[in-house]
Amino acid sequence: MASIQKKIIFLIQCEDRKGILAATATWFYSRSYNILHCQQHTDNNEGRYFMRIELDMKDLQTTRKELEDDFSLFAEEYKLQWKCRYSDYKSRVAIMVSKTSHCLYDLIARNNEGDLNCEISLIISNHPDLELIANQFRIPFYYLPITPETKQSQEEKVRSLLTRFDIDLVVLARYMQILSSDFTRAWQGKIINIHHGFLPAFQGANPYLKAYQRGVKMIGATAHYASEDLDQGPIIEQDVVRVNHELTPNGLRDVGKDVERRVLARAVQAHLESRIIIWKNRTIVFDVEG
Amino acid sequence: MASIQKKIIFLIQCEDRKGILAATATWFYSRSYNILHCQQHTDNNEGRYFMRIELDMKDLQTTRKELEDDFSLFAEEYKLQWKCRYSDYKSRVAIMVSKTSHCLYDLIARNNEGDLNCEISLIISNHPDLELIANQFRIPFYYLPITPETKQSQEEKVRSLLTRFDIDLVVLARYMQILSSDFTRAWQGKIINIHHGFLPAFQGANPYLKAYQRGVKMIGATAHYASEDLDQGPIIEQDVVRVNHELTPNGLRDVGKDVERRVLARAVQAHLESRIIIWKNRTIVFDVEG
Amino acid sequence: MASIQKKIIFLIQCEDRKGILAATATWFYSRSYNILHCQQHTDNNEGRYFMRIELDMKDLQTTRKELEDDFSLFAEEYKLQWKCRYSDYKSRVAIMVSKTSHCLYDLIARNNEGDLNCEISLIISNHPDLELIANQFRIPFYYLPITPETKQSQEEKVRSLLTRFDIDLVVLARYMQILSSDFTRAWQGKIINIHHGFLPAFQGANPYLKAYQRGVKMIGATAHYASEDLDQGPIIEQDVVRVNHELTPNGLRDVGKDVERRVLARAVQAHLESRIIIWKNRTIVFDVEG
Amino acid sequence: MASIQKKIIFLIQCEDRKGILAATATWFYSRSYNILHCQQHTDNNEGRYFMRIELDMKDLQTTRKELEDDFSLFAEEYKLQWKCRYSDYKSRVAIMVSKTSHCLYDLIARNNEGDLNCEISLIISNHPDLELIANQFRIPFYYLPITPETKQSQEEKVRSLLTRFDIDLVVLARYMQILSSDFTRAWQGKIINIHHGFLPAFQGANPYLKAYQRGVKMIGATAHYASEDLDQGPIIEQDVVRVNHELTPNGLRDVGKDVERRVLARAVQAHLESRIIIWKNRTIVFDVEG
């Protein structure tokens, strides 16, 4: 959709201090940038300041490199941590799956409809079941099975594929394997997982069975960045659905698929639209706009 | 999934009267049927009684025809309106679309995952845009364009396709054309439409623009049976999502797609699982179980 | 509101078996009772059958005692566990609080508006702070402080008050003390607690701080029957509210008050309307109607 | 709660233009104010810019009058519309009711718990029914009945009471009378009404009956500023609750009370916390924080 306004997005965080907003806004204004949108958050407990700025790309009078070099001088002075993204760049995404297809279908369909600004570059699975779907959509599919003996070598193959395909974001769309600490550390803030439970409740395996046994009246799903500790990474998005006594563990699983789908999709979309800042084990997720 | 219990489902309605539950339950018991599940509703305003009964199909000792003939004698005596369905029958569904793909993708994906007990037998559109998707999933696609002059003849072609493909249910998955009264009358209770507004608010065209202009804080979608009067048929399912001042009419439309998808899917699923009884302009939708 | 239809309500559970619905419905029909409403649930995993029946009280041609004696013969034959309630009886409720008033205010206000069919007979607290509210509404207030030494004797005083006031239901409306096993066993199924967290997440103290630290995107509340094991009793009702990074632990607490209020109120209402059956550690909560 | 940080809040709107954020942030910074919180919104359709700024009151080195005079020079230069509020000021609120008490109780209880930063200065009703509640909480109560002949003179009495009590905000907490255009014009942006329907659906009288007849699957409530046109003013807050076929119009009304309560409370709270800007017939409602 060529008509859509192109944007430069800055994600900034720093220690909170007087004048940071004035300085930043003035910096952009003095270089003739129109701030289309500015979102901020101050965590007074932590004394931490967070900011997301959208600029109109048509105000860009230099190369991207020059803008970034220029800004990095300012950032150094004010001790800012920052990232800069351009909305005309399509992130390259790898989806990892096992046997369940609902999240995979959903992400592909949303991307085809133009709702996710990305290219789904490859699908990796430890099972062959979903190759058919990959073929339907002409997405490269890699079947990399796992046995206790091959776990490490399989992961090496995965990581080398991610490098080869120049991947920006990995989405674990119901990938039922645990990644090594090495992997999650190297890809920190770049792997999104969907957990089929309302974390921190029902960590680990079989959350729907646990939910049934505990007799909960709502079930949920949680999308989070993968971290070394299973199901402990920074939460991006959660949602729930009301259930009642009529549902068996299988019934809960069926009902839960819908929540998993939309929670994962929202988290991936927020990441791809550069609306997330991670701080310690929490996320600032700025509101969608437009 | 051959292991799933096969069921016979009776949907019954009648004038409310003492003893109707006892008589019905006894009728099935005396023929050695185990009632797996029984849901009822009495509308005391209307003096109307509604019932959904699930029997275990392995208790069926006669032909289906014999069961139905036998029950019809009982039904006559008690003046019951009724339908009988067998869970091993896959309903044949036609999906009608225009240019927007999100509901179509969603229904196909859910059916492929086994969440809808149906066969999507054909896709009909007044635009050629979505043929690619039909091809991807090897579903017959019929492009039947409409001009003011051809509106009637196009509808005749549609209806003849529905007959030829032996269709049980038509789903208007964002089909942006109005059906004739003749059509909706002939297919009463067999056409489900998704309206991208929270009916009865925002009837007619451009509901997201109207929602923006009115400054609402939630937007919604409504699935209903098509009737002669546009957007006036019996409502099956509704849902909403919270929005804020950040969203333009286009933003509302994007956010609304998710609600449309799941509202339509839930309505279609309820219909296919024989959980809906229509009475006047209202629906009784029995809870999902299992 | 004298005009409201009076009802007799039976709550029944038993091992599932063929013909139980026919037998029960026929039993009432043969005694000329009109079944106003019948709700059922079969737990196929557990092989357990649950039923709630509403009869029109004007069909009662015997004393209540005679009805119950008569039914108990039938129940014995079919091995039913059952309870019988009459909607013209106002349950006597004791509310226990500490210092926080929002749930107390809410329950009193709802009862004054006629939304809970009960009499709030007394308020007990381990702090004097809320006596003013009790006085405003002319409800007896007992201040029974607790020290580590007096914990047991305080509880004895509480229990003797409950007996003296002929209490049917105890509501822990943010009572920040743990009851003894003796107490919860003796009052099993008759004490409802509100936990300010989405159980089983955030058990124990300070759930809002824990929720903040974990960075969850929704917070919730859980109403459950008190049991020996803290925060482990059968869940009656849960709800959540969406939160974001703007909220500190105190902000979460403020936002959470609204969820606590309505979750507790709904649970108490379901109990008072005899819509709950407990089975093992789960509840069947039949839908509200009317 | 004396320990809570005192704040100065600016609500600003103007035509959108480059540099407005830089200029405003710099203005406050140059006068040594710490911006605790800054929220913005740009409506690109309308070319309109909206801003809410929270300053730390302990940075105030002048009188309030001096600050406002100083800022008004800046505002004139940049053509800003603005308001300035101080969080240590308790707004004076009048509540108008008819016979229904649930919203009244709820607002009083929330205020007593410290959740609304206001003083409920008086209650006005066209019926005597709720005087008891006013007395319980020692709030002045004025019974001003209405007949077709006295409608105008009654309204004059109401308006003179609002003046006499120096009222900042009028809350119509289920006041079942229509105010004159004169009144709503004079009090524009200062009267909040709760409508017991999901506007724009079910305008006018008896929304629950209409909702029943239309067979909707969710009912809602809408809080909005009163305007000349009935039920047409700027919407502040909406919410819904899922309902099913079991509920009669009276049942819907009972279920709806809960939504009315919390929608009205959230709207009043947003107004009292100076989080709302009105523009044409829409509201910008900035997120709660803290």
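As written, the chain order gives the labels A, B, C and D, with residue 1 at the start of each chain.
The rule is simple: contacts are C-beta pairs under 8 Å (C-beta built on N, C-alpha and C of every residue); 3 or more make two chains touch, one makes a residue touch a chain.
None of the values given here were measured: they were computed from a predicted structure.
Undergrad: With respect to inter-chain C-beta contacts, which pair, B-C or A-C, contains the greater number?
TA: Result: the pair with more contacts is A-C.
Undergrad: Rotation angle for the CA superposition of subunit B on subunit D, to the nearest 5°?
TA: 180
Undergrad: So what's the Cα centroid distance for subunit A and subunit C, whole Å?
TA: 41
Undergrad: Take the average of all CA coordinates in subunit B, do the same for subunit C, and state the distance between these two points in whole angstrom.
TA: 37
Undergrad: Out of subunit B, which residues touch more than one other chain, so two or more?
TA: Residues 44, 244, 246, 248 of subunit B each touch two or more of the other chains.
Undergrad: Subunit D touches which residues of subunit C in the complex?
TA: It comes out as residues 101-102, 105-106, 109-110, 112-113, 115, 136-137, 244, 246-248, 250-251, 254-255, 257-258, 262, 265, 287-290.
Undergrad: Using the touch rule from the top, collect the residues of subunit D that touch subunit B in their complex.
TA: Where subunit D meets subunit B, its residues are 41, 43-45, 198-202, 213-218, 220, 234-240, 244-246, 248, 281-285.
Undergrad: For subunit A, which residues are in contact with subunit D within the complex?
TA: 18-19, 21-22, 25-26, 28-30, 32, 34-40, 42, 44, 242
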